[in-house]
Each structure stands twice: as structure tokens, then as C-alpha cells.
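You will see two complexes here that share subunit A, one where it goes with subunit B and one where it goes with subunit C.
Coming up: the complex of A and B.
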């Protein structure tokens, strides 16, 4: 498997994401630019320029017409995907760490940082896809407690919002009524990433406690656990093979010496049901910050602290892979 | 008492009236005790005419340790018919109890003459023992408690070996498994407070605690014995596990031990006044009794001599043990009496190192046990050359000496079977600018001990005999510059050093007249190897780069791999083949299992904190299992006692190997199948559970979706996920020409 190296960013990557069709890849980095790429050949379509701070997060709607980004300049912005034109800016009290379109594309959630006396919040804005004008008034603001939220995602049918906390807790909100349905202590360390299964009925979380886990959305019951040997920054599920991909590595500040293998900067593959490690893909020379799998299951992308995105298309062998049972 | 005012303050101390205080804090006058009186027994029985001379002698002897009081010697007499004779004992009164104690300590056992070894004891003891009842009351016999079978692990059906893993605060013991993960036997938190150690035959596992040392073992892993020795740092067993030597940095203090034990357990204090200040103890392992304690060895100027560990080296029979004071003497003690052989240590000026022959050798013809042997070496001094000497014990007869010249240092390497001794002599060249090594091999079980000399061009830094005595092969690690590479604070070398490895073996030539000589078999050049680890069964060896940051190679060699090549060329060295080469990042230690089937390499957090854990390999260098473990510290195979089979029986087994192999292979197969079947069943169960759960969820979701859609929820039309091929026809007009056809 020869990856395509996307060298478009000059600073660490913060999130990579495929569109619903899997033909486009969106990447954001601390260099204040978001990029859009063809996944087929790794050609860059263009960049979304306008943010004044490091970008943390990106998402687009199902029809790949609108793109939303969140950044450290305390704004979230809406872009026209095709032209890269900025349509709207939401001013928020603090940095925006995670944005996600709801399954029905009518809402977008934004997780904000806790800073300068402002509490962390999960803001839900309505999106009007028919006009560039958007409401600045959030539909709902959820206040995560007892500690700030780091990630959040929409559940099946957009009924709930699941939030992951800095202390490893998970909360299931009935967002329309602003009530907590469940809260559970899921991890022993900060939750670094959360990715929903396509139908929103279960999801995978990754954590600094060196594990990634699978939870049922409705009950927050733990289903599976995958053990790594360093902190895990991102975890994704493959839609066709029953696999999960974990990415992480020693924190940049802890990486001291020579060889890159010491840092464990590999994407590691685990069997989703059996929890066994089945393989790994090397290449990065910094910790992997974010991993995304193409919705068609034919490839995956990883973004690293080293400033590169590695875009992989699986070999035919991968699709033949079958676990004995 | 007049009250004090500012005007009538006393002018001097003498004027102050202390009477009230004196009355209050009166010290009761000490009762006169007889603690300063000693009883001396086993004196010669003398007539009155010689009495005075004897008293004079006694006075002279005792005044070395204290002052004998005027008329302080009282010697009872008795009338025997017409003569008066002394009764053979005397009471001596010294000035103080302290002097009496000193006299007892030093003169008890003092030989006045050959027939009269003095027995000196405190007078108070006489009183104590006269109070003993005449009718002896036997203490109730303790019921016999059967001890656990200490070698039970050897009876394992599959002949598996055990090992301990110490990681974090947890100490675990496992059965090793070749094909599946190790089976845990016991796991306890805070089992040891420093580290863990096996006894040489594997019967006991020792754990270290601030109060002392504890032995564990048997099938239940219960506490077998406890040895109280505060601050114990190091422990060493005698070869057959009968004695245990412990060493602590703190000198023994009765008071401290009592404090630690608490008032109810004072009887457990094993020490007496004589042990005060000593640091090394020798114990009987089975009974737990202290046999003797020792002070650290002292140089002539009184400073503590630096001696490596083990400080006491045991003869293979455990009948003798010895310790040297570097540069001056060698003290050989007898066990279990713990007394110096011949009552004095051997003066060996300059002694640098010594080593016991590790096996008791029996004469192959007569079957008689030969006396035990030890070797030592002394460096050059003035006109005297350096010298290696072999002596027998207990008669201290010199068996063989050899003079050596231009010696920088030397090391003694006995073959584990005791037939050969290799002295690795580091020498200066004539110009004294560089160093090289001579290997002087003493064939100690042959008549007159012939010596073979192998002169190397460079320096051998590591030497190791193949453990079997078939071919007397050995491996050396040599390089031109023997300076050690720079190390970081935790003992990891920061650069890799180029080294060469050579194998030698004893070659036998001639059928009628035996001609034997050591021959170079093979040299492997330009490695980073730092350690040579032979399989305990010989033949296989791992060349490992341990504790080196930039390099971590493991090369597995088989010395008898390519027999046909060796037969063709006539050089047995051509059979030596590298069977595998591997890497274990950050490897710090390597340990063969006692059966020679497996190797464990480990990376300990005591050296660095990267990828701690261990890897299990088979003897061919194939990785069986990697077990990363957080805060991994130590791993040790449980040693096994020597095989009880004779050489003939072993040969028989080897002859019948095929039938055994079949049996074991079937066993392995069954085990593997069972494990496989179990794993498959487990996976099938997991996948069924998962599928059932998904089905449930999907049904639930379908219902929810229907409800939601009815409630006005609308999913956007999903983008077409099917692949479609877009054909783009690009037409490029290269040239346009207008032609009028006319």
C-alpha cells in the first residue's frame, strides 16, 4: 500500500474528514487554513482562507455543498464548498474544538473550549441551506459538567448528542429538552476523539488512557475495548471490514530521541469484535492526531503532528482479509 | 532554705545549696554484683608448689583485657590423700564488668597449652545454672508438621518451566507455554520490596524487605523461612542451597533489631552481643538459624576492603567457603562449624582474585573423590612475576603454579564441569603502549595439569565456556581497544562499539597417541555484540547487544548446524551457522531457560522507560510472544537442579529421540488443538453476540426511524455512494485553417 502524501499544511494537522461520497477529503491544521482534496489522486482543490487562528475542526453536509470549520479565533465559519467563498461567521466566546452536521443537515453542533472564565459549551445552530444568511442565535446551549467537553457527536436520528469529557466521562443529552439521559465514566483519561457508526447507534472513543472503546449510544454501555501502548489521539471504524483503526503516539513533548519507531507513530488496526490487533501502518514521524476512514471503506487518511496527511487506498489483499472463526 | 534575692545571689557554685535536688534525685547505690568475676575452667591441675606460677601466668594472660584485682585470683584446692591439688578451675575478679566481658570474648577457647583450652564464662552464669532444677522436664514434643514438597514444580506433566515477572509492585509466577500465553500460577502485590531472586537449584524464591529476607516455595507459595537482617541488600546461596549468605549496609545492632521486632517478638532476634557491628550473616536455610556473622574484610591499615559479591565463595561440596582480603590473605572456613581451616587464614601477598573448581571431581578409574581445588592469582611485584596457583583444600597443597609476565590484569574462568580452568590474562605489549590477551588453559583433571596457551592479537573482554564438556568449546568477545563505551546514569551505553566474536574448541587428533589442542573454529567480525549467552545445553548461543541505546541486535547461532560442510572441509568451525537475527528495542537482559528450549529478552524500567517488557524466543531465534509490560523490572527463569541421569542414560535417550519426539509432538498438537478450538469457540461466541446485538439495534432503529419520519423528521437524500464513471471527452483544436475550395 503506497500512500499519497498530502503536503499542503505547514503545521500539525488537527482533523481530517471524508465527505459522504468519499471522493473528497477535508483537512484542517494549526496553520489557519482548511484544505479540500480529491481522494482519488490527492490533488488539492483549494483552501478555505479567512480564519485568524489555528483550525481545530471541519465538517460538511451530506450533499457536500456546505463546509463548516471551527477555530481558535473564537469563530466558526460556513463556506461554500465548491467555490471556497465564506458565507457566514459565528462569533463564540471561546475556541471551537469540534463541529458536526446533524444527520439531517438541519443543525450543526459546536463544542467550545473552557477559557477566560467562559464555561465550555455545546452550541447547536440551525442551518438554512437555502440562503447564505444564518441565524446567530443558537437553538440550544448545553453546559457539560462536571468538567469541559472535548468532543461531541450526533446520535441516530439526531435524537441525542453524546459528549466526551476531559476526565474520560461520557454524557448522553436529549438536546431538545436540554436534559442528561445518561452519564458514565468511560475512560481514565481525556477523551480525544469520538466517531459515530454510520447509523449513529454506536460509536468509538479514543483516550489518553491508552485505550479506545466502543459504546452503545442508547445506553452508553461499553461494548469493546482496544488496548494500545501509548495515548490514543484518534480512532475510526471501517465500514466494510470489521476493523477499527487507532492512531496516536507519544506526546510531542515526550518524544526525546532518535528513532521514529520509539514514538509508536503507527496507525494500528484491531478487529472490531475480537479486540485483537491485526496490523499496523507506519510512516508518520510525529504522533497521529486524527484518522478518518472513507465512507466506502476503500481507504483511510491520517493526519499527524508532523504536518503531513497520508492518504491510503487499501490493497486488494485488505479486502480478502478474513479472520478465522 | 533562704530565699534568693538579687542581693544575696551565690557567688560561686560551691555556695549553692543543692541539698534539695540531691535528695530528690538520689541515685541508689549500685548493688555489688559479681559481673566482674569470671570463671576459668580447664586449667592444669597443679600442686601447691606450682600454684604461684600458674596464677602468674593467668594474671599475665588476663591483664591483656583488663586489670585483675589485687588477690583477685582464687583457685580452689582439694585434698587428695596426702597431697593438695588444685581443682582445675579458678575465679578471677577484674575491675569492671566490661573488662570481664572483654576477657570472656577473647580468652574463651584460648589455648594455654595443647591440652588446656581455657573455658572462660561469666560468674553470673554459674549462679544461673545452679538454679536449674535437677529433675529435667522435657519440653512437649512439637507435632511433626510435614513440609511442602519443595521440588514439586519439576513433576509438571508437560515438563514446563516457571518464571517470575516483577513489574510495578506486582510479582507474578508463571508456567511458560510455547504456543499460548503463559499460565499464571500466583500473583501478589508488594510481595517484594526491593527485588526478587531464585536459589541456585530453584527450590526457593527470595524476596527482600527492610527487615530481612523471606524464602517462598512449594506448591502453595507459602512463606518457608524468614531471616531477620535489617537493611539486607544482597543474598547468595551455597551451591546446594544449604547455606545462605546475606549482606547489609547497616552494621547489626541488637537494639535496632529489638526495636523493629517489638516487645512481643524479642525471642526472634537471632543476634547476640558477638554479632554487634557485623554486616554479613551466614544462615542455615532449613532451620533458619544464624550460624555466624562476619565483619567486612579489613585491609592491613584497618580500612574496609573492597570485595565483590559474592564475598564468600563456596566449594562445590559446601564443606568449605572462603573469602579473600585483596592484596593480603585468603581465609578458608569449614562448614557447618564456621571455623577457620587450621585456625588461621592463608597469607597470600598480593592476591587479586580466587575461584573454586565448581565441581567435585571423581577419579574415573577408582571412583574416588578428589580433593577440592581452588585457583588464585597474584600480580607482579618487584622482581616477582605474576602467578596463577592451584591449591587443594583442606590440605592447602600446591598443585600447579604458572608464572606470567607483563600482566595488566587476569580473570579466572572455570569450566562448569570443573575439568578446565581458563585464565584470561590481559597483558601489555613490550612497548607497554597497547594491550592484548593470553588465554592460559589449565587441564586441571589431567596429570601434572598441562597448560595450553592461546595468544590473541587483541583483547578478549568476555569469555564463556560452552556448558557441556563434550568439545570444551568456548566463545570470546574481543576487540583492539578494551575501553568501555560511555554510559548514561542508568548504565546504558550511549554508543555501540565494534566487537569480534571467536569460537574455539578442543581438537582431538591421532588414534593411538592422543593429541589434543585448542583450535580457532570461527571468527565473526564487526558486530556490536556485548554479551555471549550459551544455551545451558550447549551448542546454541546468542550474541546479544545488551544495554546499548543505538543498537539492540540478537544473533542466534548454532555451532553444529551444518555438519556436512564441516565434514567436507574437516574444520568443525564450518558447521557454525547463524540461524536467526532479530532485534529487541532497548533490550537490557537475556536469560535462557534451564532446559535450553527458550530465551527471554527483556527491557527493564530500571535502565530506561521505553517499551518495557519481555519477548520470548525459541532456541532457533523465532519470536514466540512479545509481552509489553508497564513498569517492567525483572524476569527470571526458575533454575532446575542438575539432571540425575548419567551420561549413558542421556545417550540412550538421545538414541531413542525419535520415539520421544513423536510423543511430545502429539502432546503439543493436542494442546494446540485444544487452545485453537477454545479460541475459535470464543470468537464464534463473540461474533454471534455481536450479530445478535446488531440485529436487535437495527430492528429498534427501524422502528424509531418510522416514528421519527412520521413526526416530520427528514433525512437528506444521501449522495450517490455507488461508483460512477464520468467520461469526459476533451477536444483540443490544434490548428484551424480556412480553405476555400473553389
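Coming up: the complex of A and C.
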């Protein structure tokens, strides 16, 4: 497998994401531009220029016409994917750490940071895809408690919003009624990433407590747990094979304070059901911050603290792998 | 020829002919190229068959492939820009059920390679596990192993060192008889106890069975050894025969000395160590 190295960013990557068709890859990093790439050859289509701070998150709608980004300049912006034109700017009280379109593309959720006396919030804005004008008035603001939310995702049928907290808790919100349906202490450390299965019925979370776990959305029941040996920054599920991919590694600032084993900057593959590690892909020379799997299951991308995105297309061997049980 | 040009450029440009493309009748193409590999001119002939593969993609995906570039990539040529897109080195992804165990083993090997100075293994004195003695779960129930070994060493004359070592550890030849097993040194001594004769001036074709047949009439042959050349496989011309009885050996010397065998006249005498 020969990965394509995408060197479009000059600072650590914060999120990589495929579009629904799997032909586009969006990447954001702590430099101020988001990039859009073709996945089949790694060609960069363009950059979204306009943010004034580090970008934290990106998402696009199902038809890949609109892109929304969230940044540390306390704004979220809406872009026209084809031309890179900025359509709208939402002003928020603090930095936007996570954005995600709802499954029906009518809403977008934004998770904001807790800072300068402002509480963390999950803002839901309505998206009008027929015009560039967007409402600045949120439909709903959820206030995560007791501690701030770091990630959030839409459940099946956009019925709920699941939020992951800094203390490792998970909350299931019936967002239209602004009520908490379930709250559970899922992890012992900060939840770093949350990725829904395509139908939204279960999801995977990764955490600084060196584990990634699978939860059922409706009840927040833990289903599976995958143990790594460093903090895990991102976890993704592969659609065709029953695998999960975890990315992490020791941050440079922690190397001297933790175990003597260095690095572990690998994408690690675990069997989704049996929780065993089945393989790994090396390449990065910094901790992996974000991992995304192509919706067709034919490849995955990883973005790292080293500023590189590695775009992998699986070898035929990958599809032949069978777990013997 | 431009004299100011570097000789390296001259070599590159003047000696490589243009690539030729020949259309063959069966629809294939022959491409003849010239390259310089390691300073040598190489002719590269390739026969190419072009095959058009139709790929079905989503209409939206096909539309998106036509997008014009924007932002930082605005105005650049279509296709991947080498400034931002490069191919990385090949990496392998071998999915295997036992990947975790394999990796652990690799790491252990690596740690060992670092050297014994860094690799301070923790060894429990009670149960030989990899934890501190103080934390051993069998601390109270088991007597420390070293104590047991010492006791054994005192009680019996068996050396404790060889006992605690692996069964297949190297033991010098002179120590081998003392730990049990096959007693090589002893057997050699025993062998010499039998009356042995040396027969010389044997022909090249002699084998052990011939010697046994030859000596059988004198008495029971305990052992017959024919010196064989390792390279040619022929007899080196002498043999040793051990009899059980002294009288049989004496008789053999008497009869075989001067006996004609394979057109040669044998000589038989006492082998050195049993020299009488």
C-alpha cells in the first residue's frame, strides 16, 4: 500500500473528513485554511480562505455542496464547496470545536469551548441550502453539564444529539425538547473523538484514558472496548470489514513523563467485535490527531501533529482478511 | 556543439535518441526508448496494449471531478500539484489475528538487542516471575527457590549450577559424565577393557561387515571398526576389532598375521592401549 502524502498544511491537523461520496477529503489544521482534496489521486482542489484563527473542525452536507468549518476565531463559516466562496459567518461567543451536519442537512450543530466566562454550548443552527443567507439565531442551545462538551454527533433520524464531555461522560439529548435522556460516565479521560456508524444507531468514542469504546446510541450502553497503550485521539469504523482504526500516540509534551516506549504513531486496527488488535500502519512521525475512513470502505486518511495527512487506499489483501472464530 | 555547456549536459542530450512509437497491426504499440542508467545507455523496448476500462461512478462524483481549483491552488495546472501531493514510501498492512502477540515479541527482541545494561530484568526470588519478590503472591507459601537449590546442593553431591540450567545448555566434555545421561568418557574406558586387535594392510574395498565375517570364527566380536576415508569413502587400510574373550583375540592375531585377504597379506597385532 503506497499512501499519498498530503502536505497542504503547515501546522498540526485537527480533523480530516470524507464527504458522503468518498471522492472528496476535507482537512483542517491549526493554520488558518481548510483544504479540499480528491481522494483518488490526492489532488488539492482548493483551500477555504477567510478564518482568522486555528481551525478545529469541518464537515460538508450529503450532496457535497456546502462546507462548514469551525475555528478558534470564535466563528463558524459556511462555504460553497465547488468554488471555495464564503457564504456565511456565524459569530459565537467562544471557539468552535466541532461542527456536524444533521443527516437530513437541515441543521448543523456546533460545539463551543468554555472560555472567558462563557459556558460551553451545543448550538444548533438551521441551514437553508436554497440561499446563501443563513439565520444567525440558533434553533436550540444545549448547555452541557457538569463539564464542557468536547465532541457531539447526530443520532439516527437526527432524533438525538450525543455529546462527549471533557471528564469522559456521555450525554444523550433529545435536542428539540432540550432534555437529557441519558447521562453516563463512559471514559476516565477526555473524550477526544466521536464517530457515528452510518445509520446513527451506535458510535465509537476515543479518549485520553487509552481506550476507545463502542456505545449504543439509544441507551448509551457500552458495547465494546479497545485498549491502546497511549492516549487515543481518534477512532473510526470501517464499513466493509468489521474493523475499527485507532490513532493516537504520545504528545511530544508527554514523552518524558510517561512510559519509556516512545512513539506509537501508528494507525492501529482492531477487530470490531472481538476487540483484538489485528494490524497497524506506520508512517507518521507525530501523534495522530484524526482518522477518517472512506464511506465505501476502500481507504482511510489520517492527520497528524506532524502536519501531514496520509491518504491510504487499501490493498486487495485487506478485503480478503477474515477473522477466524 | 556549444563548448560552454557542461560535459554532463552534453552526455545527456547528445546521446539519447528520441523515443519511437510503432503501431503494430494487432492493435498493440511498440515503444522504443533510450535511457541512461548508471552512465550506460539502455534501450528499452516495450510492447503496450491499450485497453479502455469503463468505470461507473456516481454522476455527482463525475461532476465533481470537473471542479476548477480555488484558494491556494487557484490557477495551477490540473492534476496533483507536487508541492502538496507526493507519494509516500510503501507501508504494509498485514491484518492478522495474532498481530498483537507478534508485535509484543518484536518489541521484546528489540529490547534485548539494546543490551543487557539497559535491560534490567526483574526476577522474583520466590517464584521466578517478573515482579519484585516483595510483591510475589506466593511469598508466604513458597520457600525462596535459591534456598531450596542450596539445600539440594548441600545434601547431594549434584552441582546446583548444572541443575538450574537448561537441559540443552553447553556442558564441556569432561563434565558430561557427571550429570547423568550418556557417559561418553566412561564408555571409552569400558571399550578399552575389551581385548582389541589391530588389523592392518587391508584393501580399499573392506567394510565393517567383511571384518566381522573374517573374525567371527575366533569368537564373539564385540566391536569392529574400519577406518574409512571421509572423502572417498574407501577403507584407509586398517581396522580395530574388540573381542569379548582374551583367548579369541589371541587366536585371531595368531591366525590373521600373514593371512592372505583380497590379494594382500594382513598383519594383526594388539591395539596399543590393550598392549600386552
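FYI, the second predicted complex is superposed on the first by the 318 of 325 C-alpha atoms of A that agree within 3 Å, B and C clash if a C-alpha of one lies under 4 Å from a C-alpha of the other, contacts with A are read in each partner's own complex, and residues count from 1 in each chain.
Convention: a contact is a pair of C-beta atoms (placed from the backbone, for glycine too) under 8 Å apart; a residue touches a chain by one contact, two chains touch by 3 or more.
If you're wondering where the values come from, they're calculated on a predicted model, not measured in any experiment.
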| item | value |
| --- | --- |
| Contacts of A:84 with subunit B and subunit C, given as first, second, both or neither | second |
| Partner chain(s) touched by A:324 [first = subunit B, second = subunit C, both, neither] | both |
| Contacts of A:156 with subunit B and subunit C, given as first, second, both or neither | first |
| Touched partner set for A:64, first subunit B, second subunit C, both or neither | both |
| Touched partner set for A:47, first subunit B, second subunit C, both or neither | second |
| First (subunit B), second (subunit C), both or neither touched by A:8 | second |
| Per-residue contact with subunit A, leading partner among subunit C and subunit B | C |
| Subunit B versus subunit C as contact partner of A:21, first or second or both or neither | both |
| Partner chain(s) touched by A:185 [first = subunit B, second = subunit C, both, neither] | neither |
| Residues of subunit A at both interfaces, subunit B in one complex, subunit C in the other | 21, 63-64, 261, 323-324 |
| Subunit B contact footprint on subunit A (complex, rising order) | 19-22, 61-64, 103-105, 156-159, 199, 201-202, 216, 218, 223, 229, 257-258, 261-262, 273-274, 295-296, 323-325 |
| Residues of subunit B defined as touching subunit A within the complex | 549-550, 585, 610-611, 628, 680, 683-684, 686-687, 690, 693, 697-698, 700-701, 704-705, 708, 713-721, 723 |
| Residue ranges of subunit C in contact with subunit A within the complex | 57-58, 60-61, 64-65, 67-74, 78-81, 83-97, 99-100, 103, 107 |
| List of subunit A residues in touch with subunit C within their complex | 1-8, 21, 23-24, 33, 35, 37-38, 41-49, 63-64, 82-85, 243, 261, 269, 276-283, 310, 312, 314-315, 317-318, 321, 323-324 |
